[in-house]
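Take this structure first; my questions come after.
Chain IDs A, B, C and D follow the sequence of writing; residue 1 opens each chain.
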Amino acid sequence: MDIKTTTTAVPAPDIVRCAYMEIVVTDLAKSREFYVDLLGLHVTYEDETAIYLRSFEEFIHHNLVLRKGPVAAVAAFSYRVKSPAEVDAAEAYFKELGCRTERRTEGFVRGIGDSVRVEDPLGFPYEFFYDVEHVERLHQRYDLYSAGELVRLDHFNQVTTDVPRGREYLEGLGFRVSEDIQDSDGVTYAAWMHRKQTVHDTALTGGDGPRMHHVAFATHEKHNIIQICDKMGALRISDRIERGPGRHGVSNAFYLYILDPDDHRIEIYTQDYYTGDPDNPVITWDVHDNQRRDWWGNAVVPSWYTEASLVLDLDGNPQEVKIREDKSEMAVTVGADGFSYTRAPGDALQGDPGEEVGFKMGHQL
Amino acid sequence: MDIKTTTTAVPAPDIVRCAYMEIVVTDLAKSREFYVDLLGLHVTYEDETAIYLRSFEEFIHHNLVLRKGPVAAVAAFSYRVKSPAEVDAAEAYFKELGCRTERRTEGFVRGIGDSVRVEDPLGFPYEFFYDVEHVERLHQRYDLYSAGELVRLDHFNQVTTDVPRGREYLEGLGFRVSEDIQDSDGVTYAAWMHRKQTVHDTALTGGDGPRMHHVAFATHEKHNIIQICDKMGALRISDRIERGPGRHGVSNAFYLYILDPDDHRIEIYTQDYYTGDPDNPVITWDVHDNQRRDWWGNAVVPSWYTEASLVLDLDGNPQEVKIREDKSEMAVTVGADGFSYTRAPGDALQGDPGEEVGFKMGHQL
Amino acid sequence: MDIKTTTTAVPAPDIVRCAYMEIVVTDLAKSREFYVDLLGLHVTYEDETAIYLRSFEEFIHHNLVLRKGPVAAVAAFSYRVKSPAEVDAAEAYFKELGCRTERRTEGFVRGIGDSVRVEDPLGFPYEFFYDVEHVERLHQRYDLYSAGELVRLDHFNQVTTDVPRGREYLEGLGFRVSEDIQDSDGVTYAAWMHRKQTVHDTALTGGDGPRMHHVAFATHEKHNIIQICDKMGALRISDRIERGPGRHGVSNAFYLYILDPDDHRIEIYTQDYYTGDPDNPVITWDVHDNQRRDWWGNAVVPSWYTEASLVLDLDGNPQEVKIREDKSEMAVTVGADGFSYTRAPGDALQGDPGEEVGFKMGHQL
Amino acid sequence: MDIKTTTTAVPAPDIVRCAYMEIVVTDLAKSREFYVDLLGLHVTYEDETAIYLRSFEEFIHHNLVLRKGPVAAVAAFSYRVKSPAEVDAAEAYFKELGCRTERRTEGFVRGIGDSVRVEDPLGFPYEFFYDVEHVERLHQRYDLYSAGELVRLDHFNQVTTDVPRGREYLEGLGFRVSEDIQDSDGVTYAAWMHRKQTVHDTALTGGDGPRMHHVAFATHEKHNIIQICDKMGALRISDRIERGPGRHGVSNAFYLYILDPDDHRIEIYTQDYYTGDPDNPVITWDVHDNQRRDWWGNAVVPSWYTEASLVLDLDGNPQEVKIREDKSEMAVTVGADGFSYTRAPGDALQGDPGEEVGFKMGHQL
């Protein structure tokens, strides 16, 4: 492949934030039940082929597009850039990388103007736009506020075979790493990368890819997330709660993972921290630290490591999924060949340095 | 055995509520770290052999006595009765049942006056008292209020081999059932029983017994429980979080189970419901309902079913643990021979009656 | 007056709890907007003349009846008793007191069976019943759970001219005092009285009466109350927020007072404490303590002291309102002739005993 | 005055965020009690003349410096810039404006390196720095997490006589307006301005100035703020709660204002919204809208409008306070000559366009 991951020949576009995801769903009515009736996202527009949804505090046209199609997949990871000129910059940048690009001045979806979509070096359909229709920001419409209200789009999460390569590409594109997971052999298992002043706009998870791991929405408080679980229990769809709720080690956020009718994974997320300073300290976690993925040491279910959504190329066909050749986080941490610790040997917070590290065996599979 | 479980020959004592538990711990300093430094219970009195602890809103001398001893166990499940005369009533009642009793007018522990202890028909050391020293109720001492503050003793939970027999005994003693777990063969796996106007003062869990399953303290809100998890993560003792946090099906409370240094299990619990009406509806759960123990369908770890604390007889020796002969809840719900469902066939809340029941396979062991 | 407040000639009925209030509203549609659309109470039944509402965790037919009528007033303060026979007991008790009573075996309102209504010694329309239709307890219907969900009826509050006389009457009826407000001259300004194991089922507020001061519903957590305020802001009816939110000194609960379209006052209330022990300590507050009504010292608005709802006699006519002759709490605490302190002279928590007491002048009217 | 408010001759420095405030306090021990014992800020360093404090999630040396001195005042409003070179840019910029500046390569306070302080065009002591000592970020030290934990410095608030002039100056310096308060005559009463992606890094409040109105710290959730009130009640210092808690109209945040021992005003603040997009919609509030300052229409106490802290010049002497000549927000909204409305005439959310606007009279002074 003659696609580069970085270039200094042309400047990277100035990205503001992750703005929306376009996903293909196979049954629009069932998806509407999930995203509107269960999760309470607000409909900006809908017709027989698509539903445009936004979160409580959003003022741009949408944060999520559900488009009816034959195969469940992700059509676009879309970022907002700082000005109209930055769309040109994005197009030039990806052309210079050798990527396929498509420019549409009238936009690819309703509500969004001049945009460029690209098949990025990792195989993901990325979009960049500035022009967008403003809609009512509902942030004080507490008459519409549900007990599990989703207030912001927070981030994307992408599965890729080679995390260091992906990280290099995203750093070239102007993202900065906030946290990552490594082992003592120097293998990187995952990395969190941001443009806005939160822990991430997107993260890279090592695995067979390109695939979409999840898209995350933020709530105001922790009880809002608990309510979503309680409601799924009341609706007798608790089998669609995949993992959590819990506290992340990485990012420090309170989280929940649930599955939509097409098995697209949605994270509900709240209370990470400010990362806007240029020298924001990067946190590296040991892959064997049992609190990295869940601060309380609760087990990560296997499906969370193995399952993810297909992504589409610019013709709307699923990208081929390549197998990760590096070590798998699941394999090195659970089961007969893996291990995790609760207390690292010599941990400063531990009263007794000679005490054995704690294995949370009851929770291991 | 010529011990009866019920009698109408003498009236049952009028019990107000579960009041305190006396537990034997093997290392008082380590237990103090757990109950005082981690959980923030308030010390009413302590010396080299025992620590007396109370919760934020308590006005009696203590809710928990930690006594140093050679074998971790429970020395007393103590209930407050309505008047001094009811201590006499308790003594007479258990004598009539054929149980061993011991009366001490000066009390068995500091702060408590005239009391009777009994070896009850199920083999548990029960205590009944009225006289008690009043201490400062801290309920408005917000200067002492920690982020994970425990505000009330809520209930006990006991493991017994024969739940229907235990239930009959406790109903005779004046307890009323709020909820239970059964199967279609009529086997009862657990029952929740109350005197005060909450879901329970004690519960019976089917298993090898007599053993103490857990003692539970209440918080004001759900975030207080999350803070306890977060703090255990910060202290790198997340391996002492056994199960949760989660929402119970039974009782509807938000919960967490953690283990003290002797593996005594502590539940942190909040927001069950009022049960004070005489015809409070009893809820019976199907043992195969995957939401009965956790409303979100999260797996119960095996240790939660199998591990429990020894209880002492009136001489301070551990009671012999007898094996449950009825079916085990763990065996019938998990593993190759068990099953659980998320949606019962024909569930009213389910749009599509023909849809298959949902198994939460990823979470099963 | 030849109506007694107490009697030992016949036993008092065994009251379980405050169960529902029947109020007359002048515009049923507007009241529905307030209680159903704004507050989210659940409709058990409605027709053109009345709406029957219940809270989230209730299993009896209703906690509130809105009945259309010409004059806004309260038709009944209704208590549940422990058995059918206790309705007879109630009838006999009030007859013995010399009160007018009316018995209807088919009940006065839908859903309730055999009941007695009385014009009590203070002039209030009290009702006692046992028979009641059970309805679905919604306590796990989180699909219906709103962000400001009201989960239980908590208490009534009644304005009466002579609080000590009212207290004597209610103690005779089996209520126990949890807290009160007095001054050093021995004047009692208010008293809180309970049957269930909370701070009150009803309270007496000194003032011109008989009038209904408020009826209170409980939420699970404090944020639920804040949401009700936020929603009233969003609906631009913040002028219907009369007082709060705040933390009570008395009862220690987090509270809010709002006004319905007929100016009936509704309190939203959460997190008082357990009072079920027979020797539950009574707390007496000094009327000049600026934290008694609001723990944060925020001012009580004058309308809260002066305004209240009429109550009806058994013919449906408003009871005459008599003027309080004792000192008024408002007069002795605010304005030129009143005073309040933040720190009592010699308060133990105060580092500097010589320091002046703190007046919260900015908040005084 | 030959000091300009803007210049295009030299570029403005690239400011990241408000970083810390240095305040002069008259009794260091009393201030320590307030900021450390009551509010739980974390001590990075302290000696007999100063205390350096930081919030839970901060990684730079401090967010607040308390310096012992003879007159309570503010010594510096300090901003972090994007790189060392931006300190040069700041110095050049303010010199070009004609302002007095002082550069210290070793910093003015402990933990901070090369800095420039200026007497800005409004008379405030502004500081700009990049170099700073990193300290432990406590964001996962839940073992140190108090019930009212302050997690971030959020913003400053400054009183100035001429808000439009101040706004012009701050916009020149690179700040962007998120919200403001105006009247139909075009008078601007206040403006909120940000660099980081929140509603503000600083705000301008119209009044006699230059003075410091308040400095604000953020909590995670609303209950954390309520706990601070509850604790102040428990400590019998509720007279130091000046205003709130409440929900702001402007910014949509949940808030509380309290006073330190020198009457420096501290705001506790949580849950405003994301403002990072270049076209973030500006919200203009009508000064007569009763929900602008408190979404629930609760009254603003007069002291909040009139009282503020002195600020120092670069010699450490208090700046002269000039009288505002424009209309006062307090005068136009309360009292005989002012007015406020709950519902604007013709408000879209109002069912009945003919309905009178709602005055919240009970809460007006």
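Keep this in mind: a contact is a pair of C-beta atoms (placed from the backbone, for glycine too) under 8 Å apart; a residue touches a chain by one contact, two chains touch by 3 or more.
This is a predicted model, so every value here is computed, not measured.
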item: Identity of the chain that, by mean CA position, is farthest from subunit B; value: D
item: Pair of chains joined by more contacts [C-beta pairs], A-D or A-C; value: A-D
item: Interchain centroid distance [CA atoms averaged], subunit A/subunit D, Å; value: 34
item: Approximate Å spacing (C-alpha centroids) for the pair subunit A, subunit B; value: 41
item: For subunit A paired with subunit C, centre-to-centre distance based on mean C-alpha positions, whole Å; value: 50
item: Where subunit D touches two or more other chains at once, by residue number; value: 140, 143, 221-223, 230, 233-235, 249, 295, 349
item: Subunit A contact footprint on subunit C (complex, rising order); value: 140-147, 149, 221, 223, 227, 230-231, 233-235
item: Touch list for subunit D against partner subunit C, complex; value: 221-223, 226, 229-230, 232-239, 241-242, 245, 247, 249, 254, 290-291, 295-298, 301-303, 342-344, 347, 349-350, 358-360, 362-363, 365
item: Footprint of subunit D on subunit A - complex, ascending; value: 16-17, 57, 59-60, 80, 82-83, 134, 137, 139-140, 143, 151-152, 196-197, 220-222, 249, 252, 271, 273-274, 276-281, 295, 349
